[in-house]
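Structures are listed in the sections that come next.
Look at the two complexes coming up: chain A is in both, with chain B in one and chain C in the other.
Our next item is the complex of A and B:
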């Protein structure tokens, strides 16, 4: 039938041509690490449900060098997710008006990052208190 | 004949994405640090922090159950939505199969978590 072979532009590496798109792809890919961490916890929860021996096996696996390296990577990736999540928030939120003035993007990003620091310190402190 | 527009399901998935994105932005790093680095290395926190009796008690507590379910399911709903919408960027046509894999895994993980948490009792 048709001999037409329409030209389809390749999508290979389009995002490498512009630093803005490189950053975009990096921050979008942090979702993979969030998913990997959630699956790690899901396995832990299933092992907890299977009893003490299974749970201790999971705890032991968490001490392996591979797991520690993975968690350092998760930590860096998810911290980057935190940073970009609040950096983009001024664009994703509807405009917030306080006292007749629109709240500036740096205020929104700053409050978000501050909230993340407070949440982290609070969580660590709470777990530390319970562990004593 | 049916008149009117079909209701979109997008707000549901977008809400789960938003909630999971916010929750993981606020608590993701500290949780990774606690469960994956501090406790395994006994760094800042004793290794018994996550001992079987303590974790069982946490998972049997009403608030603990809610927290565990929220972390696992919301993190995955967030990731599923973001990964699904990024497929187009790497040249994969995001069809029904991709949708089922992304949102399906988040759904299955949510159900599995809920079943285990209920099974652990109160």
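Our next item is the complex of A and C:
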């Protein structure tokens, strides 16, 4: 009779066992904040469709201290998500060959982050002008 | 103090299927010198304290891929990891994570071997070719498209790093998909469509949630996470192309 009795270890709490996994979980969970912010904007759009009173109510709600705190939290979480998103971007892309050479991971991450900054500044400028 | 008198504590996860209900830790005090690897530490324990300590090794030079273990919780080749880098702290060695433990530091790799076979890891020529047609000609670009994925030594450290494999042992996993990708990317091969069935299957690439730790621990810079993620795109393309051309793609 076989003496084999392979022991299978439990996966409970696996993500706490390695700092890399903890970082992964934080990165994944910050996506929820992206969703929460998109939802906030969506509510605004619905309120806009419901007429001026509803829209002004939503605008007022956005100015409340709680809303401001939430937005700061959203901003920080989304910034972190953006950073880690571009950090893993190199592993998700097929090799990009420029001048016969494969583009390095730092270049991909760097360009992604740069694009995010440029897009954010552009949006900020645009909204600023509209608000004037 | 001469080198030989330095002593490091090595904590080993022991498991004897014949007598133990579950694994337990045991500590050994191992004298070591600067050039001693963790593998040599294990060998010292086997030679001097307990001959029943079981572990795999062969080449001692990071090429056979058999000496992988968790070293302080990180999947590493024990022959290229040095005791001096951990001293004076205690070092803990365990069987590679996510695999069933056979005995002590030896894990059951039969599932991995089956996966390697399942991806058809050989060139399946695009068209029949006779001897008098001569050798295949491959350009440096064509060669570069797959060479990185040939460096795998089947150490399975990437599996020990992959929580998705731990949660679902049926997942084909990083190294097997990297090898699959290696053959798909080879200009001599024509079986990518055949292999697509496995890529897109339930045990295929979509088990991966892009943790990316596999590529981090790979001692040969294969970047298996990249192979897995490129094949997610390929599988998605294949899925949509099937609506356009019913003959293309997998079933």
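In this text, the second predicted complex is superposed on the first by the 120 of 132 C-alpha atoms of A that agree within 3 Å, B and C clash if a C-alpha of one lies under 4 Å from a C-alpha of the other, contacts with A are read in each partner's own complex, and residues count from 1 in each chain.
As a convention for this text, a contact is a pair of C-beta atoms (placed from the backbone, for glycine too) under 8 Å apart; a residue touches a chain by one contact, two chains touch by 3 or more.
All figures in this text were calculated on a predicted structure; none of them were measured in a lab.
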**OP:** Scan A:59 for contacts with chain B and chain C and give back first, second, both or neither.
**Re:** first
**OP:** Classify the contacts of A:107 with the two partner chains as first (chain B alone), second (chain C alone), both, or neither.
**Re:** neither
Original post:
Can A:81 be said to touch chain B (first), chain C (second), both, or neither?
Top reply: first
Subject >> First (chain B), second (chain C), both or neither touched by A:4 >> reply: second
**OP:** Applying the touch criterion given at the start, work out whether A:69 contacts chain B, chain C, both or neither, answering first, second, both or neither.
**Re:** neither
**OP:** Once the structures are superposed on A, label A:40 by its partner contacts, choosing first (chain B), second (chain C), both or neither.
**Re:** first
**OP:** Tell me which partner A:20 touches in the superposition: chain B (first), chain C (second), both or neither.
**Re:** second
Subject >> First, second, both or neither for A:96, with chain B first and chain C second >> reply: neither
**OP:** Using the superposition on chain A described above, determine whether A:31 touches chain B (first), chain C (second), both, or neither.
**Re:** first
Original post:
Same chain A residues contacting chain B and chain C, which ones?
Top reply: 11, 15, 28
Original post:
Hey, which residues of chain C end up touching chain A in the complex?
Top reply: 15, 17-18, 22-23, 73-74, 97-98, 100-102, 108, 141, 144-145, 163, 166-167, 209-213, 215-216, 223, 225-226, 229-230, 232-233
Subject >> Of all residues in chain A, those that touch chain C in their complex >> reply: 3-9, 11, 14-15, 17-18, 20-21, 24, 28, 88, 90-95, 97, 100, 102
Subject >> Residues of chain A that touch chain B when the two form their complex >> reply: 11-12, 15, 25, 28-29, 31-32, 34-35, 37-42, 44-46, 48-49, 52, 55-56, 59, 62-63, 67-68, 70-72, 74-75, 78-79, 81-82, 85-86, 112, 115-116, 119-120, 123-124, 127-128, 130-131
Subject >> Of all residues in chain B, those that touch chain A in their complex >> reply: 20-22, 24-37, 39-41, 44-46, 48-50, 52, 54-56, 59, 68, 71-72, 75-76, 78-80, 82-83, 86, 89-91, 109, 112-113, 116-117, 119-120
